[in-house]
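Here chain A shows up in two complexes: once beside chain B, once beside chain C.
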Partner chain A sequence: MVMTATESSTSAARSFGPAVALSCRECGQRYALGPRFACEQCFGPLEVAYEFGDVSRESIARGPNNIWRYADLLPVPDNVADLPNMNPGLTPLVRADRLAAEVGMRSLHVKDDSGNPTHSFKDRVVAMAVEAGRTFGFTTLSCSSTGNLAGAVGAAAARAGFRSCVFIPAGLEEGKIVMAAVYGGQLVAIDGTYDDVNRFCSELIGDPAGEDWGFVNVNLRPYYAEGSKTLAYEIAEQLGWRLPEQIIVPIASGSQLTKIDKGFRDLVKLGLVEDRPYRIFGAQATGCSPVARAWENGHDVVQPMKPDTIAKSLAIGNPADGPYVLDVCQRTGGSVVHVSDAEIVDSIKLLARTEGVFAETAGGVTTGVLRKLIAEDGLDPQAETVVLNTGDGLKTLNAVDSGVTATIKPSLDAFKDAGLL
Partner chain B sequence: MVMTATESSTSAARSFGPAVALSCRECGQRYALGPRFACEQCFGPLEVAYEFGDVSRESIARGPNNIWRYADLLPVPDNVADLPNMNPGLTPLVRADRLAAEVGMRSLHVKDDSGNPTHSFKDRVVAMAVEAGRTFGFTTLSCSSTGNLAGAVGAAAARAGFRSCVFIPAGLEEGKIVMAAVYGGQLVAIDGTYDDVNRFCSELIGDPAGEDWGFVNVNLRPYYAEGSKTLAYEIAEQLGWRLPEQIIVPIASGSQLTKIDKGFRDLVKLGLVEDRPYRIFGAQATGCSPVARAWENGHDVVQPMKPDTIAKSLAIGNPADGPYVLDVCQRTGGSVVHVSDAEIVDSIKLLARTEGVFAETAGGVTTGVLRKLIAEDGLDPQAETVVLNTGDGLKTLNAVDSGVTATIKPSLDAFKDAGLL
Partner chain C sequence: MSVSVRVPTILRTYTKDAAEVTAEGDTLKAVLADLEANYPGIQARILDDSGKVRRFVNVYVGDEDVRFADGLDTVIADGSQVSIIPAVAGG
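Right, the complex of A and B next:
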């Protein structure tokens, strides 16, 4: 199934816009675009390779107010904006002056991906997988998920008319469970960690029972992962077509961080932004910090660990893209840092109190890492910096103990007696 | 304090863009723009009066991707887009082909306002009140709220640097309580209904203790209420600058419905859309249906009732704009309809299953009313129709009993044994 030179112009390729092949990240071997994810030669992960056409700031500005404005840079059909899809993206880039003042930064933005349809960045990656799944003729969409992905797949499958069956570790937050179930697909909890769920899905995909199933983060993973590039495109466009000097990205599998780097490099290559240095910082919770620990110890191999943290959306103990994250952070002059659950909660509240952004635990991780980097002189407080919030506080309510200040009778006297003035 | 002709061009007026005065909806008496809400002559409610300048589809398209693209039609300063505000709006207008097919409509869209920063339409109205509060020099933002508004005020106050103190009836959904509290302001629960909370706030506003408080839905209400016009503007623009033929709007105080009508008429007056008939339908929960009952009985007075429904965001038993809602629905050829809690839950699930939109109970009310209107021949299934979803299912999790299909061990055999294939 290794591709020949002419295969890049088959009709299948036209369903993938500027994408021309899958290419092994390890050995560079190329394959025709298909539902495959591992190299037959070296078992390395496959990623999408492109031949971009003419793309300008103007052609992008003429596109819709969602990720499909970047369709010319993504593995999706030309008419993608007309197909039933969740149309995520173009979420707010919040100018965080009050947070900046409080932590001592000059120029700070929060990219708030809770603005997506199911309120996490996962809508971006699932939108890609839906198009690939449609092209390959899959009838069921599936995934292993720490919660946000399950909701995104359930919603997108409903919108696009797929069956769905998604797998989560038992014990997730109620908001994530209800949101994954409400769209009417099957939601199966697995007794075990996310990594157990992932292994189970690999088993199912090799079984005839899973034959016409598109697992968005397994056999559709090369397409799916490209969705994270849109975070890089949007941030640059929203900054006025400029790369940020520093960006803090949460790490679960690590894929998002590597794709943001790929997205920034796409923009430089296409002449859409000036080529200036940027530093990428990875953020983990101490209770699931395999990549941060490898970074601290100077290892290039990531030792798996069993997660124990409130940041469940980042609780992947054996992150597939860990080594690539280490490469990117090394190359760009960043680092990988972890913060405790207490720091996560404190940072969720700080972000809410200063900017009115209610982040899920993953946003507490990135904001906490920002504070830690500042305290440890790990980044430049004068440089233009972006912090990612990838999810929504409404899905991790139990992480914060916020509640009413007081309950009173409906009278002015009762209010005054309560000492609240 | 009744205004003279020249007062419309004072410096205060410039802080309110095209707004030139407040005008009594009952007797037409005009007042200078200020923190007032009731007519001194007849106690009627005041609303904003405008002298619009040149506004074109092109000037709007050049604006930002949020409600400030309509700043020339709103009571806000010219530089509003540069001020710290939540910048809500331009939420998705979802083409609901699958829902349309299931209920038997030709052309159906869902305007999904869960895409706003705190995931309800309240961000639109609060954004207006923040600007008015800033201009009037208030230091505390406050409100009476059924939940969504409390979160919107808390977030916007944090972003804009106000203190906040918000009042809710005791017993709201957990998601709404946590979201209102997390931004660090005061959250006070009142033993009583929303209508009790509202009366309490009117008492506080007359007390010296509330002197520098801006109550977004009391003394800032004329400005606040204008925010709902942006729903009309967006729907028309997103349909390609065309008014929908039918629209279904939830009723709490009734303000939103009347302002959508005002917004449509603005667009016709300015020549931005063709003047064609549209019908506005009001939607209530049976357990809080004072306006629907008045409609059924042919009354033009709305008899208050004590709310008892899962649709807590619509649980206003004494709706201030009830009579105006009756007028609008009468004039446009619509009606006011109510649905039971069971129909609400069923409709939340229908919307989720067909379109991947997870609505709060208010969205179940509008979708339920759509089905009821179809069943009763109350609307034209061939006409272009928009259903409003004003809030987010994550805030009313308990309304739906969705959960995992099964919990299994991480093995293919366990999956097959569970009979899920």
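Right, the complex of A and C next:
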């Protein structure tokens, strides 16, 4: 349904806070807020358009210690903090002096999003989708997932009282499977890649079988994706209401990177931070690097590829927001870089050894890309920089080979003999 | 060559709400042209002004994304299934 002028302030607006419409990123066509995700004119992605009210640093500070402190900037009901939701966010921004010294940076922070309720950034986006799903009257929550999202949807559905049925590619890490299954919903492994799973979900949505289903990253995707803006808001607030000069973000579909950019721009527009330049860098694994390859080749479209990497949470071979990632990195003076599986593992260990942060493989990708950018003079080592860790290393234990240093008898002699002193 | 074409929700205004239609053609290009003959206007939703598959549309022949095959020149075997799917999903 294409929007008419009179629909710009529908009764649905109260359920979506400051959100007023969905707008096509490609052609600008506007639609009433609803469970839709692609433009009827050009198939372009729809995103939430807002009319923000008065928002101040003080009004945010008065909010709860989770993402709902930014509710005035999100497409959620005004009373969202009172509804059953996982209430993610306000994860630590770790000042990473030891990592900075080791890699040669002046000022470095790690935004450690493993601190969310299901241990990945996905709780942020699912929190939005739950509210939209509730408003639209869906009874089942679903998604295509590389693992982290499956757990986030399972948990959020359980808390909010939805049925859940989530789809993953077969062969995911055991930690992610258990974590997705434990919440009691249905977990279906599909014999194929993530892109096959995604295709399946897109077809299911057009079938009567999926009629009452809210697919968080398909028909609820415009709302869901906005949750990643909260990473930008938090980072700026935790830096003392300042934008970082450089930020390194992992790329799977690319949505998170584009929404962090949108979040920074929101803050500038609202006068909450000083308008200073920032550079956004995208990070991929070499085994699934369609966006990095497009960047290297100077293309503005992304050729899909078949993923083969240990960074399974980033293994999307046909990234929906790839072209927009290229736009953002170009506009902000960043770049898109990929690192090998060996570099990912090494970087997971480096981050753990220097900062006590045990990242999942995606955090190894961003840390690896940081090192590569430094080595190749691709960023400014003097500039204030943030690296994202979007998930918990406990979910990807098989990626690292760390183990006991030695096994000894319980005696002082045995300890001394083992040469550990 | 007769093939079955799965139509996404946002294109069903052209197919009188049918989720699946049949079309003729031995390449994807020919199948789309046949669709256009029977459902005028539908092709312009799938292809851009320069005649390429729009960047936010995925087209599959069987299980194969045509971007991994020969694009619009992908050969379609008799009895194949062609699926047109919005690309903006996932992540």
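In this section, the second predicted complex is superposed on the first by the 421 of 421 C-alpha atoms of A that agree within 3 Å, B and C clash if a C-alpha of one lies under 4 Å from a C-alpha of the other, contacts with A are read in each partner's own complex, and residues count from 1 in each chain.
Throughout what follows, contacts are C-beta pairs under 8 Å (C-beta built on N, C-alpha and C of every residue); 3 or more make two chains touch, one makes a residue touch a chain.
In this text, all values refer to a predicted model and were calculated from it rather than measured experimentally.
Colleague: First (chain B), second (chain C), both or neither: which does A:Ala232 touch?
Modeller: In the superposition, A:Ala232 touches no partner, neither chain B nor chain C.
Colleague: One more residue to check, A:Gly44. First (chain B), second (chain C), both or neither?
Modeller: In the superposition, A:Gly44 touches chain C alone.
Colleague: If you tally the residues of chain A touched by each partner, is the higher count for chain B or for chain C?
Modeller: B
Colleague: Does chain B (first) or chain C (second) touch A:Val110, or do both, or does neither?
Modeller: The answer is neither, since A:Val110 touches no partner chain.
Colleague: Between chain B (first) and chain C (second), which does A:Asp207 come into contact with in this model arrangement: first, second, both, or neither?
Modeller: Both partners.
Colleague: Is A:Arg199 touching anything from chain B or chain C once the two structures are fitted on A? First, second, both or neither.
Modeller: In the superposition, A:Arg199 touches chain B and chain C alike.
Colleague: Considering only the touch criterion stated at the top, classify A:Ser411 as touching first (chain B), second (chain C), both, or neither.
Modeller: Touch partner of A:Ser411: chain B, not chain C.
Colleague: Common interface residues of chain A with chain B and chain C?
Modeller: 196, 199, 203, 207
Colleague: How about chain A: which of its residues touch chain C in the complex?
Modeller: Touch list, chain A to chain C: 26, 37-46, 144, 194-196, 198-199, 201-203, 205-207, 215, 217-218, 221, 225, 252-256, 301, 303-304, 306, 316, 318-321, 323.
Colleague: Contact residues on chain B for chain A in the complex?
Modeller: 65, 84, 86-87, 90, 92, 95, 97-98, 112, 115, 117-119, 154-159, 161, 165, 168, 170, 174-175, 177-179, 181-184, 186-192, 196-197, 199-200, 203-204, 207, 209, 348-349, 352-358, 392-395, 397, 400, 402-412, 415-416, 418, 420-421
Colleague: Give the list of chain C residues in touch with chain A in this complex.
Modeller: It comes out as residues 6-10, 13, 19, 45, 54-58, 60, 63, 65, 67-68, 83, 85-91.
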